[in-house]
Amino acid sequence: MMAPVLAQASEELLTNPTLFHYLFVSTIMFSIGVIGFLTRRNMIIMFLCTEMMFQAAGIALVAFSRYHLNHSGEVFVIFVLTIAAAEAALALALVVLLFRRRESLDAAAWAEMKG
Amino acid sequence: MLLVLVLWPILCSLLIAVAPARQARQLALGGSLVVLALTIVAAFMFPWDDGASYHSLGLDAVPFLPSLGVEMSFGVDSVAMWLIILTGFLAPLTVWGSFTAITERVRTYYAWLMALNAAMFGVFVARDIIFFYVSFEFTLVPLFILISLYGSSNRKFAAIKFFLFTFLGSIIALAGLVYVAWKASADIEGWTFQIAALQEAARAMTAREQAIVMLAMMAGFAVKVPLFPVHTWLPLAHTEAPTAGSVILAGVLLKLGTYAIFRFVLPFLPIAVNEYAPFVAVLSIIGIIYAGLICWVQTDVKKLVAYSSVSHLGFCVLGMFALNSVGAAGSVLYMINHGLSTGALFFCIGFMYERYHTRSMEEVGGLASRMPVWSFFMVFFTLASVGLPGLNGFVSEFMCLLGAFQSGASDIGAGGTVGQLGPWYAAIAGTGMIVAAMYLLIMVGKVVFGDLREPAGHGDDHGSLPADLTLREIGVLTPLALGCLILGVYPKPVLDTIEAPVAQVMAQLEVEPETMHAATSHDTIVKFAMQAGGSDND
Amino acid sequence: MEALINPILFYLCLVIGGLGVSLALPRRHVSPQVLGAMLAATAFGAIFLLLGLSTYQGNPADLPGIYFYVFALIAIGASLRVISHPRPVYSALYFILTILSSSVLYLMLGAEFMAFSLIIIYAGAILITYLFVIMLATQAPQESDVGALSEYDAFSREPMIATCLGFVLLAVLSGLIATGLTGGRHHLPLQPAAEARLDLTNEMPRKVIRELDGRGFFSKVSYDSGSGVPFTRPEIADIEVTDGVLFLDVDDPAAARHVMLDEGGRITEIIGAGAPGANTVSGDDRIPVRIPASAMPSNIDGVGYALVAEHPMALELAGVILLMALLGAVVLARKQIELTEDEKAARARTLGASMSGGSS
Amino acid sequence: MSLVGAIGNDVLTLAAEAASTASGSGPGWMAAVPLLPLLASALCGLCLAGRIRSKLPAAIVVLSIAAAFAVTLFGFLGRADGAQVITIFEWIGLSWGSGPGETLSADFGFYMDGLSWLWMLFVTGLGSLIALYASEYMSGDKGYARFFAAFALFVFAMACLVMGDNLVLLYLGWEGVGLCSYLLIGYFYKRPAAVAAAKKAFIVNRIGDLGLAIGVFLTFVTFGTVEYDELFRMIDEGVAANGQPLEELWQTWTIPLLLMVGAFGKSAQLPLYVWLPDAMEGPTPVSALIHAATMVTAGVYLVARMFPLFVYDGVPHYALNTIAWVGTLTALFSATIGMAQFDIKRIMAYSTVSQLGYMFAGLGFLTTTGAAFHVFTHAFFKATLFLCCGAVMHGFAGQLDLRRLSGLIHMKGWLIVSLAMLVGCLNLAGFPLITAGYFSKDMILSQAFTTPDSIVPYSSLMGWILLITAGLTAYYTFRVFFRVFVGPVEYEPGDEVHDHGHDDHDTHDEHGHDHGFHPHAPGWAINTVLAVLAIASFAAIGTYFVDKDHHGWVGGLLHDSSAAYHAPAHEHHAAAPELKHGGVMLTAADDHGHAADEHAASHEAGHDDHGGAHAEAGTLFGQDPHAVMYYVSAAFGIVGIFIAWLLHYAGRKTAAKSKADLLLPFLGPIPTWAQNKWYVDELYDILFRGPLWLISHLFHIIDRLLVDGIVDGVGGIPRALARSLRVGQSGILQNYAVGMAGGLGVLLLIAWILTVAG
């Protein structure tokens, strides 16, 4: 019973933000994620930043879903969550592995691909 | 029938690939003999009286991607038929000739050899450019593998260079062909890749378009031929390739280039061809003399013959760009003749190499006393290659030069014809005859005659091989020698039958530029495309 | 774009915001993080203020919902802190804050299910994993400097370039969204979420039936709403749900209609009741009945339906991906080579040597 | 070679069929003339493959060539007047229209007129004799069958050359004889000199062949045909219409010049003569047949055959003048070399070149009869000379140095050889009255003085040069004879005991090495052939005195052929009645090669006013050259012989030394130069071979470095590009991410700009 009530409330109180508002929030979050990914050296933070970009995408998806009045966007967020979870599992396993090898979380410690 | 001709070698190839390695040789020989038989059957089915038009000898086309208008359509005229006969003729010989040379990875070898045959047949029977181009390019794959697996010391580099060089050229040629196809498909729904439709479209193009398309096509086909500045892959590939690879390379693969020029460049782009014929001719003349002179300083016999191929095909291209019947017929004849004589020379060198494991004229020489039979064949084919009258090389070389001479000489006398070249071209190219005599006789003089010279440790011991040729090797060379002789003494069957298609192509070259622009050939394109689409019915 | 926000001001704010973000990132020596944070906050606040003002067109009712701005700013602020906090643990915690505020935004968008699952999955599961790994993969601090940061946490790589890039991306993206996607419409109001769900009723008649059954819709006996006189309900042969309307198929429509009117809409509300000859006009002997609000599909219904009915393949694939990730994580985390301590030491020495050799 | 046999049989049947269906124009069985030798060649090939070591190949070849001779003789006796065209089968045929000149047709067919009959008679006749000689000469050699296969093939090719009814078939024969020459010169393939000589012969010939080929092309392009029949008809029509074969001028001189180059190559004239002396590396029968009697005269044949192109309306243009000069100079030049040589076979080779020069000079002086007659007589006596040299070589294990042999006539079994040699030498030296060579040379010499300068400029100057050359010829000829065949008996064996492999019958044991060496006197076959040839050399005089109307039998034959010289029409105001003579011929066929004693009597109708022409023509000592020449040339010949006698016979005690050596100090370096052939080979090396060799190497380097370098360079571009891009590949994850994000930004920016713009 909680959800419909909240939904109702949100509809009544907060109809004003347009799609653009949400997309703008999403964009800012995404850009911050990009900045973080590019600039932080800790691999875990970098992954956190990718999660943040996922999150930004999620906001946009849900906003579009609402705008178009169907649920596909939300479904996509579920998939994004799935991927995020899978990524967290794998990436963190990798981080642990790498950390074991070099005793460091610095992304620059792994520059074997240098041409 | 033509489909069978293409499919059978593929089938053989697959069979060899899965059969036990012990039986690969027998299978390959049997399969290639069937190829020969099929070729002969096709030759008998072919209506030689009507050599100028295309006959499918059975199934016309197999739809492939109907939505894109792509279908494998078949058809040969007498020129293609002769080249098919040449290919089929060489097929068992190449297999038989490699029995002792190839002892490892036998299955791979013969399987790819058969696949190569299929690809070559594909080129000659194709009546649409997709099928043509796929076959044209597919020839690279088997040869690449043959060279890179079974070649000599520098085989990897040679294979890669051969592949990339010719591939790059063909890609450019494809661009030209596709441009024409695009033009041809402008007024119909979907696409057409039929050569007949494309021809109409190409002929309707402006002079400028034709020039660009010709440049693109020549970029691909000239590399294959190979014409002067883009020939350097050939000596390397020849030197490194196994014997059968060299034979097929010289025998048929180089002809794909000249055949494609004959089939596409000449009838498609009459304005550009007429405009740039002197330029191409100059390139081929440079090739004739330049490659000939380079031959002179070679010490590697195989490289020498490879360079001589460059020189010889210069005559072929020269004849073709004489743009008259004599030149073109000579050129077509040259394709067949060069395939026989140079292919045989490569066989001879291969047999020598199997015994001495060197191709250097410094190390081996005077073999006449050690290998008289081999020497006989070597001298015979060398003389055929020199263009001695009575052997095959002469007629075609003579006609190519005569064609170049006649070309554009109609003001001189009754024997002159249309064309853009002239006596000077033939006169300068003719010096190539002298150069050819020089280097080939020097080679024979060193290798065959003179004092016996053998590399150290190679006295009478050639492994399992006797000093002179075995019956098998004689059996490989004899049909080639017979072919050389018959075509030299009596080339009339070939000349008679290629007269009509050559005349047709020549007639297509004589279109006036003004009339070409005036006539909108869109209707014809549509007509052709519709015919092509509905060709299953007829 | 002009209709939404003044571009010059917008870009000016972006520049300031960018400057603030770049200052807020951890740096080696002097790290004016507070200043940067303030700058960034000012800039983003100004942008949102401008956005809000642009939406305001004189009608106070049009003032944007305050919750959106509050939580949007919280989300952005927290995400800024994620990338600027030198300690990974705090970063992760701030990320949880980001997620929480985003889930509020989800709620405002009517995606209740996603909002809660986001909190459960992200904040509850994934981020906890992150925290574990952060704990696991941090060198044990020495006694002497407990508060010391790792070298790779203490300062960031090329913060200016990264920030520039990020804000250029931001400017371009938002410009593109503002200009391109609006297609001339400056306001993209979000419709009431309930409208979307009417068609879903077609797909889930059982829910409607269950709800109606709970109200005694299918009982044989009913009673008059006014007098309380019981009477027999007509037997319903069949029902059909079409776009939020329930059609009843009865033997005697007139009688049934009468009965249902008598009930006074307690159980069902006949659409178009009172209109004379409502059902004769249509010539339809079915009775259209409004579906009760409680029987309308909820957000979860919608998401579930979309997930299962519209994207089953993707769902399967997601499952496979998760399984693969599971296996992958197992394989990766497994210890590859069993080494004795001595061997490890030797290996570590050679590794160190090769690293120092490689880095030079 | 078995294949050759099979083909030969096929062709023979084909020919037989063709012959049975041949319509009218000539007997199809003439095909046997070329095809019998071809068949023989194929059979020899079979013998070679079958490793038959008997004399079977020789028998086959001798019989087949003799049969070909018989067929030729039979056909000759039964020939019709004028030219006969015999088509055997179609060889090359291609047409691209129906108009004139739009068909290239070259049949395997024969064009038989006096010229071809004459040539075929001595080719097959001499061929069978020399084959017989070779059957003994070559006996015991390992390559016996190979030799005869090539020998018979040569006769086939020569027959194609001479009998062919079109220029392409002539070209086939032309190259074919070149091939056989190549194979036979290089017969002793283990000897590097032989291989080199063979190569040289072929390549130098190829230079001439190119000229010929282009000449053929130009002929075809100009006239639209390569068949003699039609060609001559068109030339005659052209001459009738324009006064020259063509309206345009440049081809009228270009075609003959090109053909001339071909003729010079094959007949070893001045710039291209260098191969012939070297060709003596081949077995002597080959030298006799190919390099003296037949093949080298192909050039003369070509010019004579295409004579209507060289002379129109009785006036030669400068191709023929060039021929005259080149012939004259070649005669002198090679005579000077011949004087200084010591190898008797080489002397004979230079004399051949010299005599060929005479023939060309004869052609240049418009006496085709003289040239052909000289060809004819020369064929016999030069064959005799060569075969004698061969016998000497055979008997003395390859010894040919005249300083190491002497007095052969006194040795047992060498009488016939010596006498035959004497006959040959007398002929070559032009000993008066009793030798055919005297008459044939005379015919040319007197014509040199007869021909007016207005027709052939400076002809008398050339005549004097040729006269002097005749003296030189007599000198060096008899130098050989006096040094080798008479005088004190002395000999040294050569070094080729093994090459001939004297392992047959009884002579084997007698031949040791230097010690205990006994000369191997020639057997019956050699002696018979020499005797027959010597007699034939004399008998050839007879042909000079038959058919007086045309100055000898040869003249009679040529009168019937394309080589007939037509006197200038403008000098004969009575040309009109001559038009009907022979139908196509403008003026009466005649030679100016008159002999003095028949001078007054033998002129045919329409030439009665030749007095005027002769007044214009040159004189010698104020007399009619024809009359005077007998004495003058006899004098030169006898003086030459006398000097030879003086220097090389009189008082000579040893083989190595003679009085001629006393003269050496007075001559300075000239004898050395002459002995070294005036360094022409070296000059050619420097002028042609060297630069060409350098260019070849240059090209090779260019090909490897520049052309291939560009190719590899193009291939290297991606590599270089990759190397420069490699810098960006830092391996650091975030740098890649920057690229990604930046790329995304740029893409979006573009999209935005496009959106705003659109």
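Just so it is clear, A, B, C and D label the chains in written order, and each chain counts residues from 1 on its own.
Going forward, a contact is a pair of C-beta atoms (placed from the backbone, for glycine too) under 8 Å apart; a residue touches a chain by one contact, two chains touch by 3 or more.
None of the values given here were measured: they were computed from a predicted structure.
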B-D or A-D - the one linked by more C-beta pairs in contact: B-D
Geometric centre distance via CA averages, subunit D-subunit A, whole Å: 97
Geometric centre distance via CA averages, subunit D-subunit B, whole Å: 38
Chain centre separation in whole Å, for subunit C relative to subunit A (CA means): 11
Between subunit B and subunit C, centroid-to-centroid distance (C-alpha), Å: 68
Multi-partner residues of subunit D (each touching 2 or more other chains): 734, 738, 741
Set of subunit C residues in contact with two or more other chains: 157, 161-162, 165-166, 169, 173
Where subunit A touches two or more other chains, by residue: 34, 38-39, 41, 107-108
Every chain pair meeting the contact rule: A-C, A-D, B-D, C-D
Residues on subunit B engaged by subunit D in the complex (per definition of touch): 161, 164-165, 229-233, 290, 293-294, 296-298, 324-326, 329, 366, 368-369, 376, 383, 388-390, 394-395, 398-399, 401-402, 405-406, 409, 412-417, 423, 426-427, 430-431, 433-434, 437-438, 441-442, 445, 448-452, 478, 481-482, 485-486, 489-492, 495-496, 499, 502-503, 506
Subunit D-facing residues of subunit C, complex: 157, 161-162, 165-166, 168-169, 172-173, 175-176, 179-180
Subunit D residues within the subunit C interface of the complex: 734, 738, 741-742, 744-745, 748-749, 751-752, 755-756
For the subunit A and subunit C complex, residues of the former touching the latter: 2-4, 6-7, 10-11, 13-25, 27-36, 38-42, 44-45, 47-49, 51-52, 55, 58-59, 62-63, 65-67, 69-72, 74-75, 77-79, 81-90, 92-97, 99, 101-109
Residues of subunit A defined as touching subunit D within the complex: 34, 37-39, 41, 46, 107-108, 110-115
